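Each in C-alpha cells, the structures are laid out below.
Here come two complexes built around chain A, the first alongside chain B, the second alongside chain C.
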Partner chain A sequence: MNEQPLFKDGVVGDRMNRVDGRLKVTGAAQYSAEYQLPGLVHGFLVGSTIAKGRIKSIDTKAAERAPGVLAVITHVNSIKVPGFANRSQPDEPPTAGQPLRVFHDEKILFNDQPIAIVVADTLERARYAAGLVKTQYEADQHATNFNAHMDRAKVPAQAKKNPKSPQADHDRGQVDGYKTAPVKLEMEYVIPTEMHNPMELQSIIAHWEAPDKLTVYDKVQAVKGTQRAFAKDWGIPEQNVKVIATFVGGAFGNGLHNWPHETAAIIAAKTVNRPVKLVLTREQMFTMVGYRPYTWQRIGIGATPDGKLVGITHEATGQTSTYEDFTESTVQQTRMMYQSPNISTRYRILPLDISTPIWMRGPGEATGAFALESAMDELAHALNLDPMEFRLRNYTDTDPDNGKPWSTKYLKECYQMGAERIGWKNRQMQPGTNKQGDWLVGYGMGVGTFGANRGSAKAGARMLANGTVVLQSATTDIGPGTGTVMVQLAADALGMPPEKVRFELGNSLFPDAPSQGGSATVNTVGSAVVAACAALKEKLYQLAGSTFSAAKPADIVIKGTQLSLANNASAKVAYADLIKQNNGQEVAVVTESKPGNERQKYSMYSFSVHFVEVHVHQLTGEVRVKKMVACADAGTIVNHKTAGNQMLGGAVGGIGMALTEGAMIDDRFGRYVTKDLADYHVPVHADAPAIEVAFVDKPDLIVDPMGTKGIGEIAIIGAAPAIANAVFNATGKRIRELPITPDKLI
Partner chain B sequence: MNQFQYVRPSKPKAAIDARAKDQNSQFIAGGTNLLDLMKRGVMNPERLIDISRLPLDKLERENNTFRIGSMALNATVADDKQVLEKLPLLAQALNAGASAQLRNMATIGGNMLQRTRCPYFYDTALPCNKREPGSGCGALEGYNRMHAIFGFSDKCIAVHPSDMSVALVALDATVLVSGPKGDRRIPFGELHRLPGDMPQKDTTLEPGELITAVEVPEGPFTKNVHYLKVRERASYAFALVSVAAALQLENNIIKDARLAMGGVAHKPWRLTEAEKSLVGKPATEATFQAAAAIAMQGAKAFKHNAYKLKLGPNAIVQALKNATNVA
Partner chain C sequence: MADSTPDSKPENPECGHNATRRQFLKQSSVLTALAFTPGPVVQAAAAEWDEKIAAPFEKVGLKLAVNGKNYKLSVEPRVTLLDLLREQLHLTGTKKGCDYGQCGACTVHVDGKRVNSCLALAVMQDGREITTIEGLAKGDDLHPMQEAFIKHDGFQCGYCTPGQIMSAVACIREGKADSEGEIREFMSGNICRCGAYPNIVAAIQEVKTGGQKV
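Showing the complex of A and B:
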C-alpha cells in the first residue's frame, strides 16, 4: 500500500485557524435566523398537550384578535401541501413510514406535536397569541413507557424485506455460541433518551419569492436533501428551491431530517405571503427535532480462561415513533471489533407514542459501544485480566465479519499511546482499592469504531482574474471546520497559499454534495475538492497550449496571476492571457468524485480509544472525571487543531452520556418532565477535565486520495463505557443504566 | 408570555404603593427567575414593578451585625471581603448557586423568593397545586426525584431551591420587610412555610410586602464552616441535597453548632436537634454520624427520591468533616 501522503510540504496537517473563526467570534457569521428580509414576520408554534388522540376542536378566535397577529394556522384552515397526499419518506434518513404531516389532520401522534402556528409582526406578540389558542382533545390511551411495552418490539421493515440488511438478525458460527464458553456472563444495559441540544436552536426563515419559488434559510445538515424534499412537497422544480445554511451552530445529527416546524414555517409564509421566521424554543428542542433513542441492550459474552473470546451475543431494542421506523447501527460493531468464532446480533425497534428519533453523534455505535465495551470490561474482570490485555488477546488483523483485510487499522498504536498518557500502569486490578482522601480512584478504557465512509460529491473550482481560486460544494459545516480543511486540501492540491483559496458551502445552488453526517465529509467532499483542483489545473494546462506541453498539468505552479512550471520557471504564462484564450471567461470546472470498488476488497473503519481516570466520592457518590485521553486512528489528519476540537467535543459528549444526560417522560401524561437546560444536564465546563488528544496520523490511501478516514463519530464512541468502566474500577459498582448519577453509587 | 405594563419607581414607598394598587402586579428584581416563569406562562403578572434600582443594595456592618440590602447582587455579597471573613458560610452557599452570569444578575431578595424548580410547576399542561390550586400534585405519583423528604403534604412535595437560604437559616438571619401596613422583622426560619393545604403560598409575606434587607449576626462561625452541595454535575445544577454546617470548636470540642439542609423540604431545613447533639462532643466522625442520624429522623421518601435518605446523612457527615478537617 502506498504510504506516501498526497501532500508534502504543504499546509495539510497544520493547526491552521478556522477560515471563518473571526466571523464567528465577532458575530458577523449569519445563522439561519439572522437574515434580515424586508417584511419579515414571526411564527410561534403551539404544541399538543396530549400524546395520542384527536383534536376535537381548536379555538383560535382570541389569538386571531390579539394585537399584531396576521394568521393562526391549524389543520382546519391550513393550505394543503401538495406532496402530503401521498407523502412517504423522501431520500433522506433511513426511516420507513410517513413523516409527520404538519397541520394535515386532527390526529395527535406525540405530546407537543405542532398543532398550530401563530404568525405576528413580533416574536413576543406571536408567542403571546399562541398562549390564547384553546384546544379540546379526544385522548386515546398512549404508550410511552419503554419497559411496559417491550412486547411490541419489532424487526425493522428493511430487515424484514432483506435478510442481508445490516439491521437483520445475524449469526456467525453457532447461534448464541457464548453459552458454550467456560467463562460467560449475561448483562443488560440501558441508555436513556438523550436530547439534541446544540447551542443554536433549530430555526428557519421561509420566503416564497414567487408562487413557485421558495428560499429557505434553514438550519440543516443537507442543503441538497432539503431542496429535494421541499420541491417534492410543493410540486415545484428542484432548482426553484434555494436552501441556505452557510453557518450552522452545531447540529450533531438533528439537522439530518426535515422536521414539521420547517414545513409549518413554509405553510405560514405562503399563507401570509411574507417571509416567516420560526425559531424553536429550548423546550421544543426536546420534542420536535429528534433525539438519541432510549435503548435496551443485552449482551451474552464468553471466553476461555486464558482470555480468548468464544462468543458474543448482542441484542438491542431502540425506541421509535409510531409513524416512522428509525433505525441505527447499534449492534454491528460487535461483528467486527474482536476475534470471536461465534457472534449473534439482534436488533429491534419499539414504536411508542413519541416523536421520531434521529441520529445523534456516533449514533447507534455509541449506544452499542456502551454495552459491548462495558461487557468486555466485565469479562476481563471475571477472567482477572487487564482489560487492555484482554482486548489485545482478541485483536483482529482482518475483519472477522467478512474476512477482508482492513484498509488500515492502527488500533494497537492507539492502545499504546493512550495507556502511556493516562498512566494505565497505576490502575489497580482490584476495584475499590485506590483511595485519595475521601475519593476512590479508578481507570477505564473503551474502544470505538465507525465506518470510514466515502460517497459521491461534486465540487466546482473557479480561478478569479486576481488569481484567487474559489471552490464551491453544497455541503455544510455544522461546526467541525469543514470550510477550513477544504481550503487546506485545495491549497495543497493547487500548490497555492491558503490565503489565495476560498471555499464556499451551505447553498443548494452549489454543486451537489451529500449531507454532513456519518463522519464522511472530508472523505467525500475533500476528494471532490482535490479532483476539482486537478481538473482546474488540467484546464489551465490545455489553455496554455504549447507553453506547458512539455510538462504535466500537475507541474503547473500558480504564483499570483502568473503560471509557470515547477521544473522550468522560464516557461510561464500570465493568467490574463489564459482568460483571453477562454473567451474572456475565468477558468472554471465542476467535477464529480466517486469511490471506486475498494469497498469490495477492504473493510474500512476509523478507530478510537478513550482512557479515563475518575474520582468517585465515597459518601456523596459524585463522579469527577480527572483526566481523559482520546486516541484516534482516523487516517490523515488534515488539521490537528480542528480535528483535535472534534475529539475534545466528543469526549465531553461522552461525559454527558456517561454521567449527566437523560430525558425523563412522565408516562401518565406521555410528556417530558426534563425539558430545559436546568433539568436536562449537559456537562458544564467544570465537568470537563484536561483532555489529551493523540492521533496516529497515518494515511489510509484506500479510503480516499487524501488518506482520511473520519473523526466526528469516533470522537464520542467508546467514551461513555470508558467512564463507566473507570467508575467500576474505582468503586466495584457496575452501573449498567446511564447516566451514572450520585444516587446510583451511594 | 402575556402583555404587561412596566414601571420603575425610584423609592421603596412608591414601589410598595404601586404593588398595593394592583393585585396582578409583581416586583421584579434581577428577573432571573420571574422572567423564566413568565415565558413559560407560569406567572402572568399584568404589571411589573422594577425594584432593581431602588437604593436597597448596600452592605453595612454595625454592632456585629451585617445588614445586606435586598437589591445587593449575589455576586457582590459572595465576593465581599468582610463577608468572606466573617460570614464565610454565606459566601460559600452563594457561590454554590447557579452560575457566575446568574449571580451577577440575581439579587439577595430575589434569591430567597425564587420559586420551586418542580417540573410540574413549570409546565402549564401538567397538574400542579402550587401553580393552579386544586389541579392536583403532579409530582406526588410522578417524577419526584428532586422532591422533599421532610415537611411535605399530600398537596405538595416540592423543595425550595435556594442555596443561600440554607446558610441564612443556619446563621439565624432576620428578614426586614416593608409593606402597606408598615415595617416588620421576620426570623429567617419563619419566612418560608410548609405547603400544608396552601402550596400556592411559598412564604409568610403579606401581599405587597417588599423585602428591604436581611440581617445576619456575625457569630463565632468564621473558621469551621462548610457548605456542601451534592449535584448531578460539577456546577450549575440545583442541589440533590445540600448541607450548611458551622461549628465553633475549642480543643476539638464542639462549643456551638449550626446545621441546615437544602433540597429536602419546602423551606430551608434547620436541624436544631442535630445541632444540640453536637454541642459538647468531640469533633469526630462518630459524633457527626450520630448527629446525621438524628437529623434524618422523620424523613420519608417517594418513588424516585429514596436516595436522599442515604445521601442526606452522608452529606451531613461529609460537610461536618470538611468544616473540621476530620479525615
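Showing the complex of A and C:
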C-alpha cells in the first residue's frame, strides 16, 4: 500500500466546473431522443389493461388506416426476434429469469405490458392511432397485493444453488441470539414501491443501418452491456451494434436493465426500415420499467443494559415479478455494520403480477438501512442512551462478517463532523419535549455503507497532433460528473492542464467499461484512465529513444506539442517527430485495469452518516426538514463541487424516500393509481432545506491508485432513517412504514 | 367498381372521430367538386388522395418568432408548443419530462412570460415571440443565469436544467427572488430529480444580488 495519494499539486480535489456544463446550460447537450436522422418516424406503445392472462384478439385495422400510420406491430405480426426463441437469460443478467419478450406471444404478465407499437410519420399521429387499437383478453386472477400473498415468498434461485450467496440464509453465533439479551425489541418495517422517475423519459432511437447493423441512441447506464444484449437478441456480431448514450438525463438505476420498449422500437425500425423514435410517457415510466420494490422487514435486536449489542436478526422480503428473480442486498449491512456476537439474516423474494424491479439508488442497502438504523435508534431509546453513543459502543474496527481489516474506515470522523455541524448537543433525550411555537423539534441520525466495488475496465488514450490528449472509455455519465473527474484524473496523471485533456464516453465502440452503477465508476474507470495515461507516456518514452533514455517515462513533461523532462528541460523532442517515428500515426494506447487480490485481504466500504433536524407541526402533522448534514468517508474526493452535489442529491432523495414517495396499486385492477408526478411526489425545491456536506477526504489506496471509494449510493443510504428517527425525537411517534405522511402523525 | 369509391369504404364504428373528420372533408369543397367526376374519384381513392388533399385542411397556418428567428408554419391544431419546438424545429434544448405541466422541464418564455410549453398548443402562439434555452445566450456570451448555474453546479444530469434556467430568469424578473424561501417556493414547479436544489437556489441568489440585467 502506498502512503501517499497518486496526485499532489494537481487539479484532483479542485472544485473544477463540469467539462460539459456549457452544453447542459445552453440546451446543446443531446439526449437519446434528440438525434436527427433522415426518415425518422415515431413509435407509440399500447399497453395491456389487465395484469394477467392472454390476449384473445387484437384489432389493429382502424389504427392501420389512420392517417400517417406506417405499421401496427403486435405479437400476431411481429418479426420474431431470433434470440427470443431459445433465450432464457441475457448475457449479463441484471436478474435471474426470463426478461419479458416483447410481442413474442399472447401472454400478459403485468398491467400496461406493451402489446403493440404504432409507427407513424408524426408523434401526434402515432399517439392518436395507438388509441384505436382494440384488444380483447382472457383475464386470469392476478396477484399484486404484497401483504395478501406473503406466503408465496421464496428463497431466490441463486441463494438456493449457492449457500455462500449474499442472498442466502446466514447465521453468526446463535440463531436469533438477540432473544437472549436483557433488553430486546422486535419491530416490522415497510417501504412502499418507489419509482426512479428520472426527469428524462426512457427514450430510444433505433436505426438499422443495414440488415445486420443496428445503431441505437438509448437511455442506458451500460452501453457495452446493451450492445451485447442486442447483438445476442438479433444474432449479429457485437461490433455491428452501436449504442450511443452520450448524455443520460438521470437514471438512478433505471437504466441498468434493458426494458421491453427498447426491443419494441428495434422491431419497429426493422419492420418499417426507417429509424424509429420511441419515448415513454410519464405514466409508462411507472409500469414499463423497473422500480424500487415494496419490501417488508422484521428486526429483532437485543443489547445489554450498558449498550452492548447481543444480537440482531434481520428478515426482509422484497417483491419481484413472476418472470424474473430480482434481488438486492437488503440485509447485508446488518452483518458488518456493528459489533455483535449473534447475527441472523433471512432474505426472500415475493413474485407478483407486476413488472420486474431494478436497483434504485442505494438499492437494497438503502431499504435495509431504514430498518437497521431505525431499530438502532429504537433500542438506544429503550436503553436511554444517546443514539450516537450507542453506535460508538458497538463500533467495529474489523469487519465482523469475515474478520478482515477494513481497507479504510473513517466513520468516527463522520460522526464527529456531523454531530458538530447539526448541533447534536441540542437534541433532547426525551422525545416531544423540544418545542418552537406550534412546531416540535427533533434530531436524528442514520448510517450508510456501500461496498467499494472496483471492477475491470479499459480506457484508450490518444495524443492528437496539436498536443491535446483524448481519452475514451465506454462508461456513461448519468449525472455525477464522470467526464469532469476523468479529465481531472488524466490531467494530473499526464501532468497537463485539464484544458488540454478530453474524455469521451457513452459509446459502445469505445474500450470496454462496465455499467455506471454501484458507485464504482471512478474507482473502476478512473483506474483505467490513469493506467492509460501512464501507458501513453511509456509509449512516448519509447518513441523518443535516446533523448529520454536517462530518465523514466513518468518524468516526461508535455507542454503544448513539445515533450521534455521534469528534471532536465534541455532534453526535449517535438511531438511531430514522435508521430513520424510512429509511422505517421498519432500515438495511441488502450489499457485494461483490474483490481488485484486486495479483496481477499481487506473489506472495502464507503461510509456515510446523515444528521437531520426536523420540525413537525403539532396540529397538521406536517414535517419540514430544516437542516441536513451529510458526511462521507468516500476516499479521495476528486472534485469537491461535483461530489458535494452528489451528496446533496442523495440527501434530497432521502427526503423523498422518508416523507413523500410511495407508488400505490389498485389491486382490483393490478394497476398503479400513482401514475404521474402529481400523484407520486418527488421532492421539489420547497422540500429541500439547507444541506451541508462534509467529506473526510482521506485516500483509500487499497481500493485503487487514486484512493477513491464511491459516493453515489452512500449519499442516500441512511438518509431516510435519519429523518424517521428525527421525527420520533420530535414527536415520540415511531413510524415504521414509509413515507411519513401527515396522516400518520396526527 | 362501386366498392372502391371513397364513400362506400366500410368504416369501423370504433373509429368514430376519424370517420367523422373524413366524411366531413369528403363532403366539402375540393372533394365535393372531384366527386362529380367519377374517374378521378376512383384514382383518388387508390392513391389515398383524400388523405393528401385533406392534410392542408387539417393544418393551421402559424407565424411565430423563436429566439429572434421568424417561422411561417403549418401545424396540426393538436401539436403542443413543446413538440413543435422539439420535433419540427429541432430545438431540443426544451425538454419533455411529463407532458402534464408537472415537472417544468419544458419551460420557455412566450412574449417574455414563463410557460409550460407542453400545456400550450402551438396554434395558440400565433404572432408571439418564443424564447427557449437556445436563445438565452448572446452569441458566445452566456446569460448570467447560465454562468451562475455552471459556477454553482446547479445540475447533474442536465435534463431539467433548461427549464430550471428559464424559470430562474423569470423568478428574478417577477421579483420573487428576495429570499431563499421565496426562491424555493417560486421554483417548486421545476423538478430536479438529481436533487441539485440547493445549488440552483445559490445560483439564483448570486444573479439576484449581482444585480445584472436578466
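Everything below uses one rule, namely that the second predicted complex is superposed on the first by the 739 of 746 C-alpha atoms of A that agree within 3 Å, B and C clash if a C-alpha of one lies under 4 Å from a C-alpha of the other, contacts with A are read in each partner's own complex, and residues count from 1 in each chain.
Here is the rule we use: a contact is a pair of C-beta atoms (placed from the backbone, for glycine too) under 8 Å apart; a residue touches a chain by one contact, two chains touch by 3 or more.
Quick caveat: nothing in here was measured; it's all calculated off a predicted structure.
Trainee: Let's test your reading of the overlay: on chain A, do chain B and chain C clash or fit side by side?
Mentor: After superposition on chain A, which the two structures share, chain B sits beside chain C with no clash.
Trainee: For the three-chain arrangement built by superposition, which of chain B and chain C touches the greater number of chain A residues?
Mentor: The partner with more contacted residues on chain A is C.
Trainee: Once the structures are superposed on A, label A:690 by its partner contacts, choosing first (chain B), second (chain C), both or neither.
Mentor: After superposition on chain A, A:690 lies in contact with chain C alone.
Trainee: Going by the contact rule set out at the top, does A:17 touch chain B (first), chain C (second), both, or neither?
Mentor: Second partner only, chain C.
Trainee: Per the contact definition in the header, classify A:36: touching chain B only (first), chain C only (second), both, or neither.
Mentor: second
Trainee: Return first, second, both or neither, reflecting whether A:199 touches chain B, chain C, both chains, or no partner chain.
Mentor: A:199 contacts chain C only, not chain B.
Trainee: Between chain B (first) and chain C (second), which does A:746 come into contact with in this model arrangement: first, second, both, or neither?
Mentor: first
Trainee: Counting only touches as set out at the top, which of chain B and chain C does A:646 meet: first, second, both, neither?
Mentor: Touch partner of A:646: chain C, not chain B.
Trainee: Per the contact definition in the header, classify A:732: touching chain B only (first), chain C only (second), both, or neither.
Mentor: neither
Trainee: After the superposition on chain A, what is the angle at the C-alpha centre of chain A formed with the C-alpha centres of chain B and chain C, rounded to the nearest 10 degrees?
Mentor: About 40 degrees between chain B and chain C, seen from chain A.
Trainee: Taking the superposition on A as described, I'd like to know which of chain B and chain C A:26 touches: first, second, both or neither.
Mentor: second
Trainee: Using the touch definition from the top, say if A:97 reaches chain B (first), chain C (second), both or neither.
Mentor: A:97 contacts neither chain B nor chain C.
Trainee: Please give the least Cα distance, whole angstrom, that chain B and chain C reach in the superposed model.
Mentor: Chain B and chain C, overlaid via chain A, are at closest 5 Å apart by C-alpha.
Trainee: Common interface residues of chain A with chain B and chain C?
Mentor: Chain A residues touching both partners: 67, 124, 128, 676, 678, 683-686.
Trainee: Under the touch definition given earlier, write down the residues of chain C that touch chain A in their complex.
Mentor: Touch residues, chain C against chain A: 12, 14-15, 18, 51, 54-55, 76, 78-79, 83, 86-87, 90-100, 102-103, 105, 132-134, 136-137, 142, 146, 149-151, 153, 155-162, 165, 180, 183-185, 187-201.
Trainee: Spell out the residues on chain B that touch chain A in their complex, using ranges where they run on.
Mentor: Touch residues, chain B against chain A: 1-3, 39-41, 99, 117, 119-120, 122-123, 125-126, 138, 141-143, 145, 228, 230-238, 240, 307, 310-311, 314-315, 317-318, 321, 327.
Trainee: Touching chain B in the complex: which residues of chain A?
Mentor: Touching chain B: residues 49, 67, 124, 127-128, 131, 283, 437-438, 617, 619-622, 624, 659-660, 664, 666, 668-669, 671, 673-676, 678-679, 681, 683-687, 739, 741-743, 746 of chain A.
Trainee: Any idea which chain A residues touch chain C in the complex?
Mentor: 17-18, 20-31, 33-34, 36, 42, 59, 61-62, 65-67, 122-124, 128, 132, 134, 196-201, 247-252, 279, 281-282, 478-481, 641-642, 644-646, 648-653, 676-678, 682-686, 688, 690-691
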